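Got some structures for you, see below.
Each of the next two complexes has chain A plus one other chain: chain B in the first, chain C in the second.
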Partner chain A sequence: MSALTFSLIHRPDQRVDMSPLVCHLLKDMEPAQIAAIELQSGKRKIRVDELFKVSGSDTQQIVIENSFGKLDFIGKELDGGSIKVEGDAGAYLGLGMKSGEISVMGNAGIYAACEMKKGFVTIAGDAGDFLGAALPGNKMGMKGGTVLVKGNVGERAGDHMRRGNILIEGNAGDYCGSRMTAGTIAVMGKTGRNLGYAMRRGTLLLWNQPVLPASFNDCGAHTLAFLPILFTSFRKLNSKFADASVAFNRVQRYAGDMSEIGRGEVLIKIG
Partner chain B sequence: MIINGVAIDATFAEAFPMKATRAIITAQNEKWAMISAQAMTGFATSVIACGCEAGIERVLDPSETPDGRPGVSVMIFAMGGKGLAKQLETRAGQCVLTSPTSALFAGIESDKKIPLGKNLRYFGDGFQVSKLIDGKRYWRIPVMDGEFLAEATTGQVDAVGGGNFLVLAKSQPQALAACEAAIEAMRKIPNVIMPFPGGVVRSGSKVGSKYKALGASTNDAFCPTLKGMTRTDLSPEVESVMEIVIDGLTKEDIDKAMRVGIQAVCDLGAENGITRISAGNYGGKLGPFHFHLQEIMA
Partner chain C sequence: MLIKLTGGTVYDPASGIDGKKQDIYIKDGRIVNQPGPDVQIDKEYDLSGKVVMSGAIDMHTHIGGGKGNIARTLLPEDHRMDPVHRTDATRSGTGHAMPSTFVTGYRYAEMGYTAGFEPAVLAVNARQAHMEMADIPILDKGGYVMLGSDDYLLRMLTAKKDQKAINDYVAWTLQAAKGIGIKVVNPGGISAFKFNQRKLDLDEKNSHYGVSPREILQVLATAVKQLGITHPLHVHGCNLGVPGNMNTTLDTIQGIGGLPMHLTHIQFHSYGTEGDFKFSSGAAQIAEAVNRNKNITIDVGQVLFGQTVTASGDNMRQHANHKHASPNKWVCMDIECDAGCGVVPFKYKDQNFVNALQWAIGLETFLLVDDPWRIFLTTDHPNGAPFTSYPHLIRLLMDKSFRNDMLATIHPEAQKMTTLASIDREYSLQEIAIMTRAGAARLIGLQDRGGLSAGNWADITVYTDNADREKMFAKPDYVFKDGELVVRDGTVVHSKWGTTHIVKPDWDPSIEKDLQKYFDRFLTMKVGNFKISDDEFTDIGRGSLTAHPLKGEVA
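Then we have the complex of A and B:
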């Protein structure tokens, strides 16, 4: 069976809610039924076959071709299966995802992987603000799984994050790890201002020296035993993180945010 | 059956179902991993008074350990899951957490999980940090030499305890030399431990005693100094008897360990003073696992 492929015919002016096109909702549906699904676009509803040329039949492997940045909610609450986005993804990619895999060949918009529970998201390009964060007003962001971004990410990555890994090969914007409750954010590139703002617990793992807020205290240089295990878990990724030469276990440890409970940590590679 | 002049008795060892677990201790070097493992498996020769039977299974190469450091795998056996969990936690807390540079990991997979570092984390007094990596939870507990890393749980499995055989020799040094050879060979077998000191027991017991308070007492039938005053099981030339007790994850593991152990003893043979191999049992009524010596050596 070939992958169920949605090839975008034309780019609509309004944003499109792609949330009905997820593996678990399409399971056991006939091609005609899938083609007749109506997607919300602005104040209109558009049939799938008006927007996409549909081919293939394996509903557990979805490919979205010619995708662009107005296709929102791709993989919303995905529960198993895989979605491959050829092009950019809009906002709320993998919102509340429960399991499965999403890969984006281009960039992703704001709130990618927000409130994600489990699974794996790869973004080959950049990700917008609030990566792995909580929706506005909610208190719990990403609760599990792994997000890998090969480019840069916007501001507030991991805001209110509770569990899981966010791996960023590029740079992270301001307020990275803000209000984090737990979990790990690893940034190979540079980080912006107000790193770890109001973080309670969790780990920010950095390759480069950041500008730390005054509310982080130096705990000294340490060799930490859990780091080799963490890096070993990255080996299976198609990423710079899998490269043994980027791994380290010697870090400068800063604890914070002391304006909060201060149980979080920023670990910065030494040497 | 006679092998190299050594008589193999037509008898069997009788063993019991137990619960077992395995943990991996790593440290900065093998010396400190071994020190920690020895402490953790100390005073654990017999469930009768120690609460569990524990031993070092083998030394692990850095490539075999979760954190890439030298390590030692230890196994603990107890009569029930509750007792096993208590022994594991107490020993991990007092012997591994306290040991310089150590880290502690699960050594066996099972649906049934028992706490390893799960409760030791409270030693961190709120400064402990949890990390969930590849579905496994680890606890980072701040200690004075840095951080103690412990996996939250390890597996508990059904196992077999009490496999054994007796080495009968013409002298004490010869009995001991034969047992040392057997233990050296048996330590190469995975999934088994020999929990007694150096793997060897010189005080084999029988069930019951003339003293009401005691459930077990010296196995007088195999005590050479009592040959003339009890219903002895020894021939006149036997001057010393030693026993090797084996706990293993499965009956097959114990079979294998007994075979290589008895073979190592028989390789020394009658010319080194070894006369017989026998085994301890309770008439076959107490333990469901029977290890017939002649079948094992066939």
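Then we have the complex of A and C:
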């Protein structure tokens, strides 16, 4: 059985809500039924076969070809199966996803992996603001799973994050790890201003010295036994994080945000 | 256009009609007498077997004013869960606990309601409240203007100004803010909170002004009576939600000395301190006091289980309750140095002892107060539950076995602490019609509303009789507003605009001199801008004002 493939025929002017096209909702559906699904685009509804050339039949393995940055809500609440996006993804990629795998060849928009619960998301390009964050007004962001971004990410990565891993090979924007409750964010590149703003708990793992807010306290240099275990867990990834040469166990530790409960930590590679 | 509603079973307590088969004629928006045999009927509805009542009136519902927008901003998730799409007759919006304005109007109408009254209009924010309500379609609106923690009144009381001067100020404020009644919230307590007092009992003095809640209630209730305002002083008492506050409430009833007074969401003020959890029902004592004191009217403020948001001017009590916020986020704020506001989201749970007992206390109150003309059906929307739960509440009141089935599912300790199971009373359709129609119209002082006799405006709701009262009241067959069909089979088919009900008591114009000085020195706006003019209602092309007579006045 070949992967169910949606190949974009033309780029609509308005954004498209792709949330109906997820593995668990398409399960047991005939190709004709899938072609007839209506997608909201601006104030119009467009049939799937008007927008995409549909081929293949394995609903648990979806490929979106020629994707571009206005296809929103790809993999919303995905519960098993895999979605491969060839091109860019719009906003809210993998919103609230429960399990399964999403991989994006290009860039992802704002709120990628927002309130994700479990599963694995790879973004080969850049991700927008609020990666793994909570929806506006909500108090809990990403609750589990792993997000790997090979490019850079925007501001507020991991805002209100609760659990899980965000791995960033490139740079992170301002307010990285803001209001985190728990979880881990690892950034190989540079970080912006107000790192860990109002974070309560959680770990920011950095390869480069950040500009830390005044409300973080230096706790000295440490050799942490858990770091090799953490890096070992990255081995299976197709990523720089899997490379043994990037691993380290000696860090400078900072605690904060002291304007919150201050149980968060920023670990910075020494040497 | 002459409309005939043929053969419905009419419940019209305003004219003493209790389930009589009767035809109703509508002409030019009003109900008329049978126009004679040869007059042509333009449109006839066959209502045989249907139940006909006037449009329902919610006499206490938070549908306008800044706190609603704070609640909406605070809870975007509540809106995300309940999107409402546009139709050919209606506009889009969002629903659940604090729906958008348009959805508020539609959902009320779809339950057969044709009027709603906002009980906490801050005079200084009245313009916004009225503009927001001007966006609520179909319903008639009105507001009770909040006094009692405003600096000007408290200064007057400190200076021992005479009752006449206070009457003038009350009348002036009521007219400036375009209200139909006067509301007082935690009298003096909202102000006391800002002077770091965290509770204020009936006889405890506001530390800055040296004035007690009892004195404030006295002068305001006297003012309302002397000015001839039909709606009694609308009181949200001291100590909301505090175990043992039942004594404060009984004291308040005693202390008002026979003056007309409406105690609102009394469920939140009927708590004792007995039992292992030091929290018990005071409903029986409160109901007994209400039965005995004919000057007292109440609405219940029933709690129903589920997610909602509490929005109140009572910043003192809202601040005290903020630890219960669910989801955990809340707002308490000052408003223009003249009032307060607290918004705390709540999730009432049937397996939580306190919530379960609150639920039972509300129902006990409904069932133990004898006179349906003096008790009103509210959830204090959205504080006890969103208004959309009214049909469920009506079923609880009308169906004893359903009520007992529900009772059996709540927290077991709460079941032991309530007498609900032993109460056999079931409300009749006529009693529901009194509470939600005729009684409410009489209490607010609405002329030509809440009844089905000739001369009344044709606000009419038609239900299909159904033993499941929840289903019956959730989905009326027809709703007419001012003679126009707005709802068919529980769905809005046509939207229109209601009027705003007000009263216009007189005041001595010389008081404006001092008010002008006060506004210039202390307040954030000029006295001229504070006063809302009539054309602000009519200029937008959809609003109107309907002034109702004062007591003793002939219309």
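Operating definition for what follows: the second predicted complex is superposed on the first by the 271 of 271 C-alpha atoms of A that agree within 3 Å, B and C clash if a C-alpha of one lies under 4 Å from a C-alpha of the other, contacts with A are read in each partner's own complex, and residues count from 1 in each chain.
FYI, a residue touches a chain if its C-beta (ideal position, glycine included) is under 8 Å from a C-beta of that chain, and two chains touch if they have at least 3 such contacts.
Everything quoted here is computed from the prediction, not taken from an experiment.
Enquirer: Could you classify chain B and chain C on chain A, in the superposed arrangement, as clash or fit?
Expert: fit
Enquirer: By the touch definition at the top of the document, which applies to A:163: first (chain B), second (chain C), both, or neither?
Expert: Touch partner of A:163: chain B, not chain C.
Enquirer: Please tell me which partner, chain B or chain C, touches more residues of chain A.
Expert: Partner touching more chain A residues in the overlay: B.
Enquirer: Going by the contact rule set out at the top, does A:98 touch chain B (first), chain C (second), both, or neither?
Expert: neither
Enquirer: Regarding the shared-chain residue A:138, is it in contact with chain B (first), chain C (second), both, or neither?
Expert: Only chain C; A:138 stays clear of chain B.
Enquirer: Between chain B and chain C, whom does A:190 touch in the aligned arrangement: first, second, both, or neither?
Expert: After superposition on chain A, A:190 lies in contact with neither partner.
Enquirer: Rounded to the nearest Å, state the minimum C-alpha distance from chain B to chain C in the superposed three-chain model.
Expert: So the smallest C-alpha gap separating chain B from chain C comes to 21 Å.
Enquirer: Once the two structures are fitted together, what part of chain A is touched by chain B and by chain C alike?
Expert: Residues common to the chain A contacts of chain C and of chain B do not exist here, since the sets are disjoint.
Enquirer: Note which residues of chain A are touching chain B in the complex, please.
Expert: Its residues touching chain B are 144, 163-164, 182, 184, 201, 203, 222-226, 228-230, 232-233, 263, 265.
Enquirer: In the complex, go through chain C and note every residue touching chain A.
Expert: Touch residues, chain C against chain A: 73-77, 80, 327-329.
Enquirer: Provide the residue numbers of chain B that touch chain A in the complex, in ascending order.
Expert: Where chain B meets chain A, its residues are 66-69, 103, 126-127, 129-134, 138, 140, 146-147, 149.
Enquirer: Touching chain C in the complex: which residues of chain A?
Expert: For this pair, the touching residues of chain A are 135-139.
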